[in-house]
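Written out below as structure tokens is the structure these notes cover.
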Amino acid sequence: MQIALFIIFGLLAVAGALNLLFQRHPINSALSLVVVMMSLAVLYWSLGAEFLAAAQVIVYAGAIMVLFVFVVMLLNAGEEDRTHGSKIAYIAGIPGAAATFCLLSFVFLSERKQLGSTEIGGYLTNAVSNITEISHTLFTSLLLPFEVTSILILVAILGAVVLARKEL
Amino acid sequence: MNFDPIILTLIILTPLVGAVLLALLPEDATASNGSKRHAIGALVVTLFTLLLTLHLPAHFNYTAAPHTFQFEQNLPWITNPAIRYHLGVDGLSMWLIVLAAFLAPLGVLASWNTIKTRTKLFFVLFLLQQVAMLGIFVALDLFLYYGFWELSLVPMTLLIATFGRTENRRRAAIKFFLYAFIPSAILLVGIIWLYSLTGTFDLPILQALAASHHIAAPPTALLLCSLAFLIAFAVKVPIFPLHGWLQDAVAEAPTAAVMVLAGKLGLYSILRFSFGIFPDQSRHVAPLLIALGAIGIAYGALIALIKTDLKKLAAFSTLSHVSFVVLGIFTFTILGLDGGVFQILNESLIGAAFFILLGLLYERYGTYDMRDYGGLATRHPWMVTMFVVTVLAAAGLPILNGFVGEFLILSGSMQSLAAHHILWTVIGTTGVIFGASYLLWMIQRIFYGSLGARPDEVSGWDLCAREHLELWPLAALFLIMGVASPLWMRAIDTYGAPTANAPTQSSVATQNLLPPPQTASQTASIAPPSLSSQLETRSSALKSPAAAPQEAR
Amino acid sequence: MAVPIAFYLILAAILFSIGIAAFLIKRNIITIFMSIELMLNAVNLTFVAFSHMWHQVSGQIFVFFVMVVAAAEAAVGLAIIISLFRVRQTLDVDQINLLKD
Amino acid sequence: MNPQLLWLIPTLPFAGFLLNGTLGRKLPRSFVSAIALLFTAAPALIVAQLWIYMKSAGAPISLSVASVPWIAVSGFHVNFAFTVDRLTLIMLGVVTGVGFLIHIYSVGYMALEDGFWRFFAYLNLFMFFMLVLVLASSFVLLFVGWEGVGLASYLLIGFYFTKDSAANAGKKAFIVNRIGDFGFLLAMFLLIAHFGTLSFTSVFSQISASPLSGGILTTIALLLVLGATGKSAQIPLYIWLPDAMEGPTPVSALIHAATMVTAGIYMVARCHVLFDRAPIALTVIACIGAATALLAATIGTVQHDIKRVLAYSTISQLGYMFLACGVGAYSAGVFHLMTHAFFKALLFLAAGSVIHALSGEQDMRVMGGLRKRIPITFWTMSAGVFAISGIIPFSGFFSKDEILYQTFISTNPLAKLLWFVGLVTAGLTSFYMFRLWFKTFFGAPRFDENALTHGHSTHHLHNQVSDRATYDQTAASGHDSGQAAHAHGVHESPLVMTIPLMILAVLATIGGWVGIPAALGGHNEFEHFLDPVFASAAAPAFEAASRGTELALAVVSLLTAFLGIFVAWLFYCRKPGTAGALAKKYATVYSLLDHKYWVDEIYGRFIVAPLLAFSRILLSGLVDGGIVQGTAATLTASTQGGSWLVRRIQSGNIRSYAGWLAIGAAAVIAIVLFGHHGLRL
Amino acid sequence: MSTNLLAVLPELILTLTGVLVMLAEPLIAPGRTRKPLGWLAILGTLASALAAFYQLHIVNAHGPVTGFYATIQVDAFSIFFHLLIASIVLVTLLASLDYFEQGAVTHAGEYFALVCFGATGMMFMTCSVELLMVFIGLEISSISTYILSGFRKGRATASESAIKYFLLGSFATAFFLYGIALCFGATGSTSIAAIAAGLAVTKTPLLGWLAVAMVLIGLGFKVSAAPFHVWTPDVYQGAPAPVVGLMSTAPKAAAFAVLLRFLFNGTGLYHSHWILLIEILAVASMTIGNLGALLQTDVKRLLAYSSVAQAGYLLVAFSSTRNEAFGAACFYTAAYAAMNVGAFVVLTQLSGFDEKLRSIDDYTGLALQRPVLSALLGFFLLSLIGIPFTGGFFAKFYSFSAAVHGGHTWLAIVGLANSGVACFYYLRLLAALYSRPLAEQPNSPTRRIALPAAIALAATAAATLGLGILPNHVLHLVQRATPQNLPTASAPQLSANPPQEAWMDAKTR
């Protein structure tokens, strides 16, 4: 089952990503990204992260992507033009991306043995449930990051207000 | 009250304080022809500095042990790295300090009327330059020295950039700075490397370590390090073929700046640091430097022969003259070293007089092109007199100072036959011919014959009182130093004699030809005993500062 | 059948690289921003995979934080995009090149 | 007398120089001349006293005075130390005596010149340096005088500096002398390197003590010879002396005839110990001397400028002295030096008087028939002409004959050839001197009496005067070269000029009697007087010769002189057109002589021009412009190229930037994965 | 090991200040001056700095402490950076008090708040020993600087600057995150101490290497090390001058602090892997930065490139042994902050809100009109060149001596040759200042320098000079600041022996 999930949703994620890449209208790209996120949510679940799977759907797909779509609509962005502003992106960037991928894969493949494999539901069998453990950690050892994140959100709100406010 | 321990600090501080005070003194907006108050202030400061420096020759101890320093001040400054505020003077630097302080008032006088705008900036920079120069001469801590060394670049660059003569000035300033800065960056690497090796920046300690071969490093590395030092200094001198900056900088720099542009700083540094810390390595590269010195003499003179622009001529003449010093000091003979150091004084004084005179001409006629001149002798009898005296001193006429230096240098060069080929001495001596040629030709083209184009248009005046005041001390010194050189040589010799190689009587045919001159034994006996005892005290002193960084690592 | 962790990682690497490529290829600034989100998602997958491997929940928490940060970034980024659009009336990244040598 | 007073001899003229040099411009002319004369007469008196003192001492002695250190470094000391021996004494006598006379003469000759004070200041300066040269007790002190007289010569030749030719001549003199000094300096450096000292006594005693005579001594000697050829105007460096005639005539008389140019001979004589050990160098000296004597004499036969004839004759006579030194006959050389000082000073001063009479005219072609108009000048000059031509009993005969005789009996393998050259030169000498005599004083006057009344003449003078008149407000008179403003027609010179002429005429006549050789019934006292100086174990030997030989040689040389006179008489008195006809017939030879063998041109074309071209093209252009500046330029250009490249990266496009980030990231990952261990140095 | 508010006191104070300012902003009527808010922020920053001093006092007495379940560690190192960041922020605030008055920005209060928040993020970065915390801090600082760089909203360049910074910054953040993920993958932890312990026993070292690379890419972007510097010139050019002064120093300092901790304390074991990378980054940064600046005519871009080069010099220090690297790098950050902030404060004063002075030509002859400011700018430029008796000199000196001690003499030589090239462009600006003006009319309106700006200038100049004459005092602090990993509660005790710094032993031998 694990492998089936992996193959189906992995392929779906890649397909979504590629679609994002090849679609020329931002809305289509956004929807492709939603597909990727949904697939990932399933994969998260298959890896024993139910909480994250849920959060992925709610926060990412539900909130962030909606924000994106909203802005796309707001700015009335149409299909993008095939402008040729950059040769470097193709000459250096794409090979760079490919090389990065190759190097990463090389590392993962060469360490494949040591990395081991997934055990279906392996993590779920823990005594404490996933969510309990997360919340426990979040409020003990990772309390500070959790609190500080509020500053981050404050900054984000402040920034959004500052930037998007009309008058200047 | 005994001023000895603080006199050097006072000497450095006086122009510094002067510079700060001048900077705070507002420009006189009411004066029509440029304010004089800063000039007066600078004159007072420089004269006072000169007065202070005269303390040194007055209280110099001629019988001190070789390789020791006087008027020392040695205070801890920064603990990591171990930098000390260490000042001191020996026979090498004493007269150079007085010289630098002596030239300063002359520079102020030379700028009296020529600097019409931004007088404040000019004199502040001038005094800062003075601080850096004096600092270089007295610093005994490599690091402190390096600080002054770099510091000397800045005012000079700004002086050239701001007060340069033509539109080319910015380029010339940057060229000057780059030429000086890049090698001194390598010098810094050398200093750091040395520090990482020995744990000290203190020159006397380093000197003692080097003399006793206690700097533990592969010979190649040491040689490279010595080259890093040497190249930085050589560019500043400049030694042929590193003189690329000289022509432009001399052409642009105002008189007061150009007087201190080339020569003494670099040469002093070679003598003090290259020879002090790398005695063996310096001797190793000496044949090359002797060759470069000899070539530089002839090369500078030959090119000066064809230049029609007076400043360019002066630049190559400077190259030729400093090359004499290079030739002299790298012979490592007493004659060469003493003559070389003496010639640094000569070269500076003669160069100063020369540039002042050129400045006077420019002030009157607004051109440095010789072809525009001619027949000025009837109009400016005093100026031509001073010009001829200067030129004769430069050409090495006996009883003027240039001769003593050149004579000793070339004799030394001939003496050190073992180190190099006789050819270099011969080439060096041709400088005597070419030097006279271009200088006399210059005199002829400016002053003799019928009136030239510029003097026909512009009427000039003979020297005024201030100009007399600038030139007479120099002219008098030419003569006094020419006939009474021992006054200076006595101190210089305390440096030169212990630094030179013990005379080997290396000459080709003489071993069998003659009994050794009676003085040979004298000179040989000076160095060894005192040095070794000194070394012991130094190395014990070395333990503590050197050990600290070792442990830290 | 168990899937090797490496496969998840490689899947993440693929997504990450596609994200890079999308950043390079897309012209619309919003889409480019989306490709960054794609890259972040790839990283998240990596985190989750490792979290699974190490039986450590901290990886998952990290992902949680990344999500929050992504949301904050999205807010700010989109605000920047809006303010840019107001001035330039374009979202084509190739036309955003006033600042250059 | 107190020997410590020795230092007064040179310093008094120096004081005169300083006084006149700094204050002279403000002082009246009488004061200036008084100062100059006083400070020249005083040393002359001291020398006279010294002479008496040393004579009375009986035995040959040499004096030296305690010294002031000049250069003092460990292992090497030079002092201002003076020493007097008999050679010095003779030189001192000549320099102070002749010098004083010429000073007197100058007072009259220069009376109306603008730079009167300057002239006397320079003249005193010259006296100072010349006396230092003569009194020096070491090579380097000698060199001080040596260079110093060169300086004085430079200043005095260029006295009329507004004239380009004068300025050029001064510069040429100095630089050519410098070439000689180059040799002198190198010789000194070698001496220091090998002997560790430059004191005469020390060096010579070391040479004497050493058993070897090696290549090094020859090298030193040859380098010294180079120095001497410069100062004494010998081949190859004689070219400056004819041009030096641009200076005022008293200067030519004092510096370029009587004293300074003999410094080379003095130096060789002073260093005879060294030269005796370097026979090759001696031979070179002899050959140079003979060749110069002949060469200069041939040129002298065709010159028209009265002073140039005398200049070439000077070169020729100096060649004689060189010849003498070269064969080891130092005392003969010095003897000729002394007589030459008398008669050549006389000739120049008389020529000056002639020029003065003709208001600045120097061209013999427009002279003639002056015998009656300026009798004193004529008679005194005649004495000089006879003396130089070697007519018995004038002084020149004895000294020149001595040289020829010594040469003949020398053991040098070239002795006979050298003697023959000397003989031919003697004939030529009497020819061109009598040519001068005849052309100047005999025949019909060829000058334009009217032109002279304006005080102006032909040649460059015209330009020069008008030039100066334009901007020289103080110019009371626009006259140069000794012609006076009051010169209305040809006239005899004032007493202040003629008295020195007369004294010198007497000396030129009887000056040689101190060295009448034994063959002519004398004792050759002069030679004996100098014997203690030149006694040397290594001195070149002479063949034993009989009195008969000596007598015969004297007769031969006398006959040669008369032959010269006869030819001159034939050409310029009897048939005045002959010379011109000959010149046309042998146009090539004449042109060669007229152009002084094109030596100046050859030097210019083959040494000076290539040197300048070398400097301009190779050094300034290629090395300085190309390599030195070019390296910097290349570095700058490559840096700027790099800068351009880096800025190309900064295209402003976010996608490009991301491209760089991506490829950079890939590179970083690759480096971390595959690049272990950083580079070390 | 529990919540210890004292450990985050400076951050806490700054946050509160920011919140206060933010809250007070709407209370002030539009059109009224926002200076009081600025003063409030300044006071807050001062208080935060004092709090840092107080922490120093405690640390001096009791040694380093950790807080919040060992997510942060308060030691001399973090306090040093706290103080540094607080000082930078203080100077920036002082300099920008009047800045926004000129531009009639109505909501300048938000600017002050953002600066405070940003500084909080940076401070958290420097004291965190947990990568998650680092990440959050990094994001806070980044997001505030994104916003600040686009603060002059009406301008096309401002938005462009912000978007470039934002997009590329997020792009790099993804790499940084990936790196953390791989760290976690290799060791099972994101705490630096645990990473150090974990790497010693990890079965997947390749992941560790990869993690180092990815983190370096992310932080390399933040410190604008070549080739991750591409954003720097454009962003600096478009951002307001005081903000550039801030963001070219404070976030960089924080990023370097993270880099130091991460490389030496976290992945010190992999020294041999990252050392070459650091060297290459250093050389590339120095060279590319200097070359880019060489022919630059826009002054802000010039300083941007120069900051790239400065990052390179700083990286040179990393090539040495741990202690030296810490000392040299910390000193460098401080000196660089002093002179660079100073330079930008002068630029702010000279060119004003509109930034009319852009190219070097605009600065020609300015010394006549604004002598004091020109002299100060000249002084900062000299310090950037590295002239002795300025902070810049000792900064370079320590950095290069660290390299020489570490056996990387060639790096020092490359660095010094580069600083030779560098003086060309600094001097071009300097020479321009002091040459004759091109036009008659003044190119900079002569204003009196306001008191706060004067204080800011005096402080930076004094700091630059002080670091150049008496570097010892800072150096003492810095030398004690080399942090050690404290035992943490959450660190998995995978191995009995703590990771030996074998590479370091090898070096000292």
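Lettered A, B, C, D and E in written order, each chain numbered from 1.
By definition in this document, a residue touches a chain if its C-beta (ideal position, glycine included) is under 8 Å from a C-beta of that chain, and two chains touch if they have at least 3 such contacts.
Quick caveat: nothing in here was measured; it's all calculated off a predicted structure.
Peer 1: Treat touching chains as neighbours: how many steps, at the fewest, connect chain B to chain C?
Peer 2: 2
Peer 1: From the Cα centroids, identify the chain that ends up most central relative to all protein Cα atoms.
Peer 2: Minimum centroid-to-centroid distance belongs to B.
Peer 1: With chain centres defined as mean CA positions, report which chain is farthest from chain A.
Peer 2: Most distant chain from chain A: D.
Peer 1: Averaged over CA atoms, how far is the centre of chain C from the centre of chain D? Could you give it in whole Å?
Peer 2: 96
Peer 1: Cα centroid separation between chain C and chain E, in whole Å?
Peer 2: That pair's centroid distance is 26 Å.
Peer 1: I'd like the Å distance between the centres of chain A and chain B, where a centre is the mean of that chain's Cα atoms.
Peer 2: The mean C-alpha positions of chain A and chain B differ by 70 Å.
Peer 1: Can you give the whole-Å distance between the Cα centres of chain A and chain D?
Peer 2: It comes to 101 Å between the two C-alpha centres.
Peer 1: Residues touching two or more other chains, restricted to chain C: which are they?
Peer 2: 9, 16, 19-20, 23-25, 27, 32-33, 49, 51, 53, 58, 61, 65, 69, 72-73, 76, 80-81, 83, 93-94, 96-101
Peer 1: Residues of chain A that touch two or more other chains: which are they?
Peer 2: 85-86, 89-90, 93-94, 96-97, 100, 103-104, 107, 111, 115, 142, 145, 149, 152, 155-156, 159, 161-163
Peer 1: Of all the residues in chain E, which ones touch at least 2 other chains?
Peer 2: 132, 136, 139, 143, 146-147, 150, 153-154, 162-164, 167, 171, 185, 206, 209-210, 233-234, 292, 296, 409, 421
Peer 1: Sort out which chains touch which and give me every pair.
Peer 2: A-C, A-D, A-E, B-D, B-E, C-D, C-E, D-E
Peer 1: Considering the complex alone, what residue numbers of chain B touch chain E?
Peer 2: Residues in contact with chain E: 78-81, 118, 121, 146-151, 153-154, 157-158, 161-162, 169-170, 173-174, 177-178, 181-182, 185-186, 188-189, 192-193, 195-196, 552-553.
Peer 1: Over in the complex, which chain A residues touch chain D? Could you list them?
Peer 2: 85-97, 99-100, 103-104, 106-107
Peer 1: Show me the residue ranges of chain C that touch chain A in the complex, using the header's touch definition.
Peer 2: So the residues of chain C in touch with chain A come to 1-11, 13-22, 24-28, 30-31, 33-35, 37-38, 41, 44-45, 48-49, 51-53, 55, 57-58, 60-61, 63-65, 67-76, 78-83, 85, 91-95, 97.
Peer 1: Quick one: in the complex, what on chain E touches chain A?
Peer 2: 3, 8, 15, 18-19, 22, 67-72, 105-107, 110, 113-114, 117-118, 120-121, 124, 130, 132-133, 136-137, 139-140, 143-144, 146-147, 150-151, 153-154, 162, 185, 203-204, 206-207, 209-210, 489-490
Peer 1: For the complex, which residues does chain E have touching chain B?
Peer 2: Of all residues in chain E, those touching chain B are 321, 323-324, 367-368, 382, 385, 387-389, 393, 397, 400-401, 404-405, 409, 412-413, 416-417, 419-421, 423-424, 427-428, 430-432, 434-435, 470-472, 475, 479, 508.
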